[in-house]
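In what follows, a single structure is set out as structure tokens and then discussed.
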Amino acid sequence: MTTVLTSGRRAGFVSLLHAEWTKFRTVAGWGLGMAVGSLMIVLVGVLAGVSSDQQGAPPVPVGPGGAPVADSFYFAHRPLTADGGITVSVTALESSVPAGPGDLRPGQVAWAKAGLIIKESTRPGSPYAAIMVTGGHGVRMQSGFVDDIAGPAGTEPVHWLRLLRSGDTVTGYSSADGTQWTEVGTVRVRGLGPRPRGGPFVASPPSVDGMGTRSSVSTAVFGDLRVEGSWADDAWTGEQVGPESPTFAGYPPGTSGSSTASGGELTITGAGDIAPAVRETLATGGTVKDILTGTFAALVVMVVVGTLYITTEYRKNLIRVTLAVTPGRGRVLVAKAIVVGSCAFVAGLAGALAAVPLGERLAEVNGVYVFPVSSATGLRVALGTAALLAAAAVLALSVGAILRRGAGAVTAVLLVIVLPYLLIANPFMPAGVAGWLARVTPAAAFAVHQTLEPYEQVASVYTPYNGYFPLPAWAGLAVLAGYAAVSLAVAVVLLRRREA
Amino acid sequence: MRRAVHAEWTKLRTVAGPRWLLAGMVAVTVALSAAAASVSTCVSPGCGGDPVELSLTGVDLGQALVAILAVLVIGGEYGSGIFGVTLTAVPRRRVVLAAKAAVVSGVVAVAGSVAVLGSLLAGRVVLPGGQLVLWPVGGPTLRAAAGSVVYLVLVALLAFGVAAVVRDSATGVGIVLGLLYLVPIIAQVVGDPGVRRVLQQVAPMSAGLAVQATTGLDQLPIGPWAGLAVTAAWAAAALLAAAVRVGVRDD
Amino acid sequence: MSPFRTVSGPGIVVSGLRKRYGAAVALDGMSFAVPPGVVTGFVGPNGAGKSTTMRVILGLAAVEAGTALVDGEPYRGLRRPLSRVGSLLDSSAVHPGRSARDHLLWLAHSQGLTARRVDQVIERVGLAPAARRKAGGYSLGMLQRLGIAAALLGDPPIVMLDEPFNGMDPEGIIWMRGFLRSLAAQGRAVLVSSHLMSEVQGTADHLVVAGRGRAIADAPVADLIAAASSGRVALRTAAPEHAMRVLARAGASVASTGGDTVTVAGLPAERVVALLGEHAVPFSEVSAHRATLEDVYLELTRDAVEFRAATPEEAHR
């Protein structure tokens, strides 16, 4: 007894925490609520896993790094049996985008690609290196689906391109006139194999239109096609690579790929892309964010419990007892925040750690491709989900202490977190407004669920709705934590000033 | 019943809370509607927009305040013990529930009408080039406006019924907002389009708000009136559960 | 003319109420009647079932067996209940943002009564100066007065109040006593619960003592006191311990009633005097014992108290 009285402030706070924990765990409904919240995450994860059946769908092409890729384009190729080079001039690149059903209009597709590629085989996902002119980003040298080197940005109508292979090394050159050559880049390509294919290609990725994309088609005219070194004697073969690939949006209605040679010129029409797959490219794929959608349901539970943890004390006038036994009023709230935040964290972590592998496994069984995540990212997402729920519970507790009304506090907190998310997800919300909502409102915290990476060289719809947040995960979480901390501070000040 | 309704009306008008909630409901509904109309990139039917539906966006938010009001009418009495006093004055439980539901419906209908009219007027002013035609009022516009008011009343009844069952304001409002806002979010993870459509057809919010659509009706997951009927079924189920619950246990 | 009529009726009749909360028995055959024209005190230790009984009478709690009739009918069947029974269970059950007058107004409207009646009862309980202020700022005593005003709203022949003295200052307690007596004098049946005997002493004419879920006594106060007093002897002595030893050995049951007084039961006064003389125990007074209501209560509830701290004597044994 005397130790309690004489030990300092620190021991006092520990016993205060103990008291608040006892209060929390002795109300059956609150512990149950935490368990239900955890279960909600798992149940929605299971729902996401079982709700789609894509068995028998063609396989998603996977690049050398293991990530899903788009690898569909029109390719005129010959086998290269050892080292060698290929040179070509691109005299024209024109793209068309459908403006309506059957209404194809000329348009700009910034990442339309026409150039040279050396690739292990025509199997989607096989290793390659390519040099190309693009619709709006000048000359690029790309390889391994994610590596992109910018070349001269010149706007001359005629670009000369050259690709030289020496063992594993591929070097790309560009020239404005066919005589003065500039090296664009040298890349090492592992696994080109004994008989890679080389030749001119055309790709034309879907163009972004509002909140969606439309497939496009591009046509390029090549001239002065020359090869040097060890090429097989086969004729040039024109072929659509990856025509059935799930990452291929197809040709606009009424168009198709082709290659025709006439008068020393080769005209190739193609669609598709050689690039990492993003959400829009692989709409049928699942993401960890989808699997963790149950976080919203858990959020409702955590907010209700966090609010009740303080408002029931006001309703039953228990707060007078609490404040009488612990006169340091601010410390009471801090202790409550620690208890409810920790419980929400544990429940959220358990739910997320169970839901993600379960949802992924079920999706896999049903033939659904799930965007892969590294185990480090998986752990970050689970911890982030837990932290999000903990911060939301603390926010609810603080708003409950400020408003002293359960229903008002629950509504306020759910609205500030969920409503911005709903507005962000509205297809008619301009990207700028959606971006700001995802930066400054508590909904920013859902950035913890981002596992997809946006790519400069892929034009797509990088919105929070698609799983791309403007803030990194930690910063989004910090926004919500900031709201929680400020609310807690306001609540502490008010609790000190008000009569209980 | 008439006396019970009179008593509930007196209760509602003699505290400040309901007045503020209703005024706040009108304010946020009109404000969000006007904001949505002013920032939207797609208004005209040409890009799939719907000026009437866009101008009624605020109902998405206004319904949350309607839910609080309805929840407090019963949950607040359970929390403070006043419900015992109410039952002492009117011992027939279902008469009490019916009287409360009637009064809440009445005030929400009046405030909801103000909010919906205000939203449409705001849309008329904010949307460029007279894209929202209010006069002469067209059938679909009238249906969207009246339907939105009915929708708000149904949300109030749903919230009232849920709160009467769980007997706690915070829990009640959590359940109601979860039902309203979460089903559309969770429906997005469902891969199978058929199942997703079914979810949108049975969820109280996504089904009920179909009544706001004036263009592209054939692409809606559920027809406007059928959707409103789904929300009505939810409200009826909640009220039924409340009527059963209030009779069988200690109060 | 007084707006409060003189009335009489069948009062409250409770018979054989049984109720349990899980494993705990709350009511175990509770039966009693509250006749008109008198104040009936409803006393007993905490947990004896007083509040539960009152909730059952008002139809707020269900029972497994038994009936509770008010004015001859079950409460839930009453059309305008406040004109048959006025009750106060929990005076804090008032919206803090609503004024006393508005609180009474909605109750009045539920009975088809007018604002005029509201003003009359406000005047009657002396709440007029504060009637338009928000109830959130009321003291406990003011809340009790508001609750009593609500109970009187329908001018009912039966009035039932749970712990009405709680939170009242001495002036308020005096007012409440006179007020309860005046209600009974008008012919009303008045049931007042309390866990403190001193509060009902001097107010109640009739007593129902509750213990472990049943009525362990149901009789006029005068009878109870007479029964508790009969055959007892009060002894004043300078050597109480010696006296108690001597008398206990002779077969009496003795209890120290503080200081130099001892209460003796089971021996007539003459035998007590003789025994004390034989053993040379000094004493200054031997008289017939006059029990207080407190004694009656303690005697009756001795076995019925569920959570009683051990007395020092018991602890030593």
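So that you can tell them apart, the chains are marked A, B and C in the order they are listed, and the count of residues begins at 1 in each.
In this text, a residue touches a chain if its C-beta (ideal position, glycine included) is under 8 Å from a C-beta of that chain, and two chains touch if they have at least 3 such contacts.
Worth saying up front: this structure is predicted, and the values here are computed from it rather than measured.
The touch graph of these protein chains is an open line.
Compare each chain's C-alpha centroid with the centroid of every protein C-alpha atom shown, and the nearest one belongs to B. When you average the Cα atoms of each chain and compare centres, the chain farthest from chain B turns out to be C.
As a whole-number value, the distance joining the C-alpha centres of chain B and chain C reads 49 Å. Put simply, the C-alpha centre of chain A and that of chain C have 71 angstrom between them.
Rounded to whole angstrom, the centroid-to-centroid distance between chain A and chain B, based on C-alpha atoms, equals 35 Å. Chain B has residues 76, 80 in contact with two or more other chains.
Among all residues of chain C, none touch two or more other chains. On chain B, the positions that touch chain A within their shared complex are 39-42, 47, 49, 54, 60-61, 64-65, 67-68, 71-72, 75-76, 79-80, 168-175, 177-178, 181-182, 184-186, 188-192, 195-196. Note for the complex: chain C touches chain B at residues 55, 58-62, 75-78, 81-82, 87, 89-90, 92-95, 97-99, 102-103, 105-107, 109-112, 150. By the touch criterion stated above, chain B contacts chain C in their complex at residues 3-4, 6-11, 14-17, 76, 80-82, 84-92, 249-251.
On chain A, the positions that touch chain B within their shared complex are 44, 47-48, 51-54, 210, 284, 286, 290-291, 293-294, 296-297, 300-301, 303-304, 307-308, 311, 315, 368, 400, 405-411, 414-415, 418-419, 421-422, 425, 427-430, 433.
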